[in-house]
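In the two assemblies presented below, chain A is common to both, partnered first by chain B and then by chain C.
And then the complex of A and B:
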C-alpha cells in the first residue's frame, strides 16, 4: 500500500477548504470584479453548484471503485492504455497547476512582503518544506492543516470584521446592473478553482470512512462558497468596482485595518498565516502528483519520487510564466477551459463510461472500502 | 521493465549509503570499524542518509494505542471516524504487523551478575545446610573483613539446645530498632518453645520472627539483593534457606512541600526519594484495590526498582503491556532518576519536545491514573513519570482543577498565551523591526529608532546578546550557592538591565522584551517543555532575522511538522488537537468538573465515562448542571 495513513472526515473538510480558498481568497476578488463589477460577490456563490456536482461525481466514482485513487480507476474504467494516457494528463494537470500556484505565491511574496528577495528563494524553500511533509504522508499533512486551520479562519474573520468601518453599503448597488451574463462569465474562474477538489479523488480511499467522503466534500464546498462570497463582498463593499484594478485586493483590504492606532497594517501577519494555507495547498497538489506518478508506474513506494518531482516543480514555477501579468492572464483566459475540462467534464465522462461499460462494482459493500488492493 | 526498476531502486540505495559513509569516515581520518568516534560518526551519517534516501521498510509506528471494545462499538455512531477508528479487522492487522517487526524484540533485563559467586559443593549459589559454609559464602560475596559496612553478627538462639545462627545486614540501611526486637525475640523470648523441637527456618519464620515481611530464600543472589536494599538476612545451623526480614530504615527526607510545582491551592505534598513512601503517597489518594503496582527491576549491574502503577479496570491493557515491555527491555548500567529512565523509553529521543511528564506531585499522578494513564516511579527519585502525555497536559498544572472553572480556564488561557509569547516574541520583534516596519505606529517607530540610534550593533546581535545574558542569569542563579543567591537578582537587574542601556549596548525596549519573554517562559509549568521552548526561541530568532514573518511561518511549519509526528506511547503528542478527538472539555479552557463526564477520548481507557450518574444530584431534576449551565 502506498499510503498507510487514515484521515477523518473533519480533516478532509479542512484539507479541501484550505486547498481551494488559500489562493482563491487572495486572487479571486480582482478576477471576478473584472468581469462582474459590483456583482462580483455572486460569482463564487454561483460556482458552488458545479462544486457540489463535482463532489457528488467524485463520491460516486469512489463508491464504484472502492480503494482506488483517480489514477488507478482511470485505467479500470477506460482500459489500460487510454487510462494511462488519461492518468498522464492528470499528472500534467497536477504539476502544471502546482507550478502556477507556486508562482502566484512567489509573486505575492515579492510584491508584498520581501520585495528584494528573488522569487526562486520562496519557491525552493516552500517546496523543500512541502517535500518533507509529503514524505511524511497524508496523515501528517492532514494534522498540520488541522492545527493551523483555526488560526487561519480566525484571522480571516477578524480581518474582514475589522474593515467593517470602511464598508459602504452603497458600493453594492445597483445589483445586476448588466444582467446575469457577466456574472456567469465571471463565475468561470471560481468554478475552476472550486474544481480543485478533484484532488479528493486522489485521497478518498485513505479516508477512515470513504463512503462519507462525498458528504464532507459537499460541506467543504459550501463552506468555501461562504468564505469566498464573504471575501468578495467585503472587497466590493470597501473598494467598490475599483477592486478589479488591484492586484491583491484582500491584502490591500487588510492594510486598511488599524487597531486602536497601535497595530497597523497587519497584512504581514495575514501573509504569515496565509503562507501556512499555501503550504497546505501546494503540499496537496504535490502529494497528488507524486502519489499519482507512483501509482501510474506501479511503484511500491512514492517516497523516491518526492525530491525529483520537487525539482520539476521548482523549474516549472519559474518557466510557467514570464511575469506577474502573464500569470493573471493565464488564470483568467487559459485556466478556465483547461480546468473545466479536466476537473468537471472528464470525471463525469469517466463515470458515464464506467456506468455504460459496467465496470466497477457498486454491489461491493461500501463499508469494505478503504483497502487498497495493492 | 517496471519490476526491474523497483528492484534496482531498493538495492542501489543502501550500497550507495554505505559507500558514502565509508568514504566520509575515511576522509575524516577515522577508521570506521575501530575508532569509537568513527562508529558514532557512522551512526550520525546513517541517520542523515536515512533522512534523505529511500527506505524500503518505513514502519515508524511500532506501537499504536488502539481503541478498546467500547469505543470500537460506539465510535462510528458518535463521531466521524476519528483518528483511530478503522474497522476492527484492519486495525488488528496493522497492529500485528507492528508488533511482529523484528526491530523491537523484547529482551529480558540482565540480572545482576557477580564474578565470585560462592561455589558450594552441592549447588553453587544455594544456601547450604551447614552454617560455616554459609558464613564463608557470605564473606566471599561481600569481601567481608575488608568491607566494613556489611555487618555479620553471630549469635545463638535461646532454644534448648542452643542453635547457632548469624545475621547479615548493611550498616546504615537497616533499621536498628527493629533489629533489636528481632534479636531479642530470637535470643531470649524463644525459650517458651518446648525443648527438642526441630528448628528449621520455616518454623522460625512462622513462630519466632516478629517482622511483618519475612521471606524464606535459598539463593544467595536474591538474599544479597535484599540485603543490599536494607533487609536483614538470618542464617541458621541446619537450615538450607535463609530468612530475610524487612528492616529498611535509612536516613531519608521527610515528605515536604513541592519545590518545582508549587501551587496555592490543593495538597501540598511532594514525592521523596523513597519508593515505598511515594507509592504510599499515591495509594492514600486512590484508595482502591484496582490500583496495581508492579515492580520491574532495571539496571544490569546496579539494580533499581521501577514501580509501574495503573488502575486495572481503567488503563488500556495494551498501554500497560507496552510500558512494561519497554521497561524490561532496557539494558543500562544503573539509573538514578526518572530523567534517565525517560530517555530510555521515550518514542523519539531526537525530538526536542519531551514525550513524558515528570511530576513531583502525588495528587497529579493520582489524577493521571484516574484518567487511565500509567505512572512510573523509580526508587531514589522524587519524581514520577506519567505516560502517555500530550503537550496540552504538559501545559497544565494540578491547580486548575482545584480552582473554580472560570479561574482555572483564565489561568490556562494566560499560560497558553505566554507559551506563544515565549516562543515567538523575540523572533516577531526582529521580523517587525527588520522587515515590516510599517506595522509599528509611527510614534513608537520613532521611539525605537531614537533609542537605537546610539547602539552600535545590529538588532539581531542586540537580541542575541540580551537573550544570552538572560540565559546566563538563569543558569547562574541555579548554580550559585544559596547564601549569595540574592546577589544574582541585583546583578541581573542592575547590570544587565540598566547599565547595559546606559552604556548604549542595548536599547531599552529590548530589555523589556527580553524580560517579558523570560517571564513568559517561566510560566510554562513543565520544566522540560520550557527547555524545548527556550531552544526553539533561538531558532525563531534566526528565522525572523533571516526572512521576517515568512521565516517565522516556515519555522512554525517545521515545528508543527516535527511535533505532529510525535507519538508518546502510541498516542499522538498533539492530541486532542491534532488529530482532533473528543477533547473531554479539559484542553485549554476548562469547563466545570461536573461537566467533564468523559475521560479523554484519546487515551482509549477501558471505561470512558467518568461521571456516570447525576454529578450534582442534589439539584432538582437530577442531572445537576446541563451544558448551558442552567440548573432550573
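And then the complex of A and C:
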C-alpha cells in the first residue's frame, strides 16, 4: 500500500467540504449572478443533485473495486492500456485543475492583500507547505483540516451574519423572473465545482470504513450546497444583481461589515480563513496527482514524486492564464465541459462498463499498487 | 561520528530556516509603515477645465492631532498644529490625478480610512458622476461604506472648514451624518448604495448635499475678537442641506429638508427627528413631536392600465414640546395629535412626490422596483418607459401614528398671574 494512514468518515466530510468550498465561496457568486441575476442562489442548490449522484457513483465504484483507487480500477475496468490512458487523463485533470486553483489563490492575494508581491511567491509558499503535508500522507492532511475546519465554519458564518444589517430582502424578488433556463445555465460551473469530489475516488480505500464513504460524501455534498447557497444569497441580498460586476464578491461583502462604526474591516480575518481552506484544497489535488502518478507507474512509494510534481504545479499555475480575466473566463467557459466530462460522465461510463463486463467484485484480487506491500 | 555530523547538519539547517523565515516574514514587498503613509480622510472631486478632473485630498497631520488646537504663539506654530493638510491636483482621470499628488506629498496616500467623498455640485450637474465612480469602485483601498455627498461650491472650501470639536473637516462631516437620525432631513448614501442606485433599472440615485454658510454665531461686532485676546467663532460653518437627486448619473435637482424627509418616509428610512404640527387646541399653539422610528410598505397595483401605489407607514412618536394650553392629559388629545401628525407626514410625502414626480420626473422612491417585484411579467413591457409612467403613478399614503409618551410633564405650564 502506498498510503498506510486511515481517515474517518467525519474527516472525509471535512476534506470534501473544504475541497469544494474554498474557491467556490469566493468566486462562485459573481459567476452565477452573471447568468442568473437575482436567482443566483438557486444555481448551487440545483447543483446539489448531480453532486449526490456523483457521490453514489463513486461509492458504487468503490464497492465494486474495494481497496483500489480510481487510477487502479480504471485499468481493471477498461483493460490495461485503455485504463492507463484514462489514468493519464485523470492525472492531467488533477494537475491542470490544481494549476488554476493555485493561480486563483495568487490572484486574490495580489489583488486584495499584497499588490506588489509577485504571485509566484504565493504559489511557491503554499506549494512548499502542501508538499510537506502531502509527504506526511493523507491522515496528517485530514487531521490538519479537521483542526482548522471549525474555525473556518465559524468565521464564515459570522461574516455572513454580520452583513445581515445591509441585506435587503427585496433584492431576491421577483423570483424566477426569466424562467428556469438562466438558472440551469448558471448551475453548470457549480456542478463542475461540486464534481471535484471525484477526488474521493482517490482516497476512498483509505477510509477506516470505505463502505460508509458514500454516505459521508452525500452529507458533504448537501452541506456544500448549504454553504454555497447561503453565500450566493447573502451576496445578492446585499448587492442586488450587481454582484456580477464584482471580482471577489464575498470579499467585497465582508468589507461592507460595519457594526456601530466599531466592528469593521474584518476582511483580513476572511483572508486568513480562506488561506486555510485553499491549503486544504491545493493539498488534496496535489495528493491525488502524486498518488495517482505513483500508482500508474507502480512505484513503491509516492514520496520521491512530491517535489517534482510541486515544480510542475508551480509552472502550471503561471502558465494557466495571462491575466486575472482569463482565469475567470476559463472557469466559466472552458472548464465546465472538460470538468463535467471528467468528473461525471467518465466515472459513470466506467461503472457501466465494469457492470457490463462483469469485472470487479469482492473476490477479485487486488491489482497494481496493492500488489506491492512495502 | 556520523551521528554527530548528522546532528550538526540538522542544527545548521534549522538555523538557516529560522534565519530565512525571519527575513521573509517581515513582508518585504508590501510593507507600509504607519509613519510612511499619508492617511486620507476625505476626498473632494471637482471638474477642471478642458474635460479634466480635479481632486482634493485631505491628509491627516498625525503630529498635530495630539496637541489640540489653539495654544498661543504666532502663525508658524498655528500652521504646525493644523491637524490636516489639503492638496489639490488636476488630471485626465482620477487615478492619474491621485498618483500625480505624490509629486507634492512626502508620503504615499492611503485611502483605506477615507470617510467622506465629496463631489462638487458642478461636476454632478454638468459632467455626471459615472466616470468618477469606476476608480472608486475598482480601487481596493476605497471602501463601499464611505459616505458620498454632493458639495455646493468648491470642495476645497468645504474641506477647509474645521470645527472645534473634531480635528478635521472630514471627521466633522462624518459626525454630522452619524447623527442623521436626529433630524432625518436628508438622505445620505454610502458609496456602495449609491452605486446600486446608479445601476438600478428604475430607481434614480440621490444623496445628501452639504454647503458652507455664513456662521450666524459669529456676529459682525466680533470681527476683531482675536485682537481682544479672544478666540472668535469662525465666520463660516458647514451644514447638510437636503438631498441632491440625480437622473442617471447627472444631478438634476434638489429636495429641501421637508421634501427629503418625505422621501425617507416613503423609503422607510426615517429613524428619528422632530415633526412640528399646529396644536389641536382651538386657542392655538404648536406641538413638536419626536419621531421614534418608522416602518414602510409599498403596495403597487396595476388596474386598467393605471399604476397605483399605496404607501403604508407605521410610526411611533413622543411629545417633545407643547406651546399653548393643550390638555395633554386627556387620551382624546393624544388621538387628535396622532391624526394631526399623520396628516403632517402625508404632507411631507406629498411635497416630496410633487417635486420628484412633477418637477424632476425621477423615481427616487423605488416605486419601479416595487412594481417589478409584484408584476414581473408586466414589468418587462413597461420598464423601458418607466420614466414616462412614473409621474402618473397615483400615490396614496396611509399613515398610522402611535404617540407613546408625553415626556416628563403632562399638561403644559400655565402661568397663574396676569
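Convention: the second predicted complex is superposed on the first by the 358 of 374 C-alpha atoms of A that agree within 3 Å, B and C clash if a C-alpha of one lies under 4 Å from a C-alpha of the other, contacts with A are read in each partner's own complex, and residues count from 1 in each chain.
Following the convention adopted for this analysis, a contact is a pair of C-beta atoms (placed from the backbone, for glycine too) under 8 Å apart; a residue touches a chain by one contact, two chains touch by 3 or more.
All values derive from a computational prediction rather than experimental measurement.
Engineer: With everything superposed onto chain A, say whether chain B and chain C fit together or clash.
Structural biologist: When both complexes are placed onto chain A, chain B and chain C end up clashing with one another.
Engineer: After lining up the shared chain so the two structures overlap, which partner does A:273 touch, if you call chain B first and chain C second: first, second, both or neither?
Structural biologist: First partner only.
Engineer: Once the shared chain is lined up, is A:316 touching chain B (first), chain C (second), both, or neither of them?
Structural biologist: Neither partner.
Engineer: By the touch definition at the top of the document, which applies to A:173: first (chain B), second (chain C), both, or neither?
Structural biologist: In the superposed model, A:173 contacts chain C only, not chain B.
Engineer: Applying the document's definition of touch, where does A:132 land relative to chain B and chain C: first, second, both, or neither?
Structural biologist: In the superposition, A:132 contacts chain B only.
Engineer: Touching A:254, do we find chain B (first), chain C (second), both, or neither?
Structural biologist: neither
Engineer: Between chain B (first) and chain C (second), which, if any, makes contact with A:40: first, second, both or neither?
Structural biologist: In the superposed model, A:40 contacts neither chain B nor chain C.
Engineer: Based on the superposed arrangement, let me know which partner A:114 touches: chain B (first), chain C (second), both, or neither?
Structural biologist: In the superposition, A:114 touches chain B and chain C alike.
Engineer: With both complexes overlaid on chain A, does A:242 touch chain B (first), chain C (second), both or neither?
Structural biologist: In the superposition, A:242 touches chain C alone.
Engineer: See if chain A has more residues touched by chain B or by chain C, and give me that chain.
Structural biologist: More residues of chain A are touched by B.
Engineer: Run through 4-12, 202-210 or 382-390 for chain C and report the one that clashes with chain B in the overlay.
Structural biologist: So the stretch of chain C colliding with chain B after superposition is 4-12.
Engineer: Based on the A-chain superposition described above, do chain B and chain C contact any of the same residues on chain A, and if so which?
Structural biologist: In chain A, residues 113-114, 117, 261, 264-265 are touched by chain B and also by chain C.
Engineer: Provide the residue numbers of chain A that touch chain C in the complex, in ascending order.
Structural biologist: 111-118, 121, 170, 173-174, 177, 239-240, 242, 245, 252, 255-256, 258, 261, 264-265
Engineer: Chain A touches which residues of chain C in the complex?
Structural biologist: The touching residues are 27, 29-30, 112, 140, 143-145, 178, 192, 195-196, 199-200, 369, 372-374, 376, 379.
Engineer: For the complex, give me every residue of chain A touching chain B.
Structural biologist: The touching residues are 4, 6, 8-11, 109, 113-114, 117, 122, 125-126, 129, 132-133, 136, 139-140, 142-144, 146-148, 207-209, 212, 216, 261-266, 268-269, 271-273, 275-276, 279, 297-301, 303-304, 307, 367, 370-371.
Engineer: Which positions of chain B touch chain A when the two form their complex?
Structural biologist: 2, 5-6, 9, 52, 54-56, 58, 76, 80-87, 90, 94, 431-432, 435-436, 438-441, 547-550, 552-554, 556-558, 560-561, 564-565, 572, 574, 577-580
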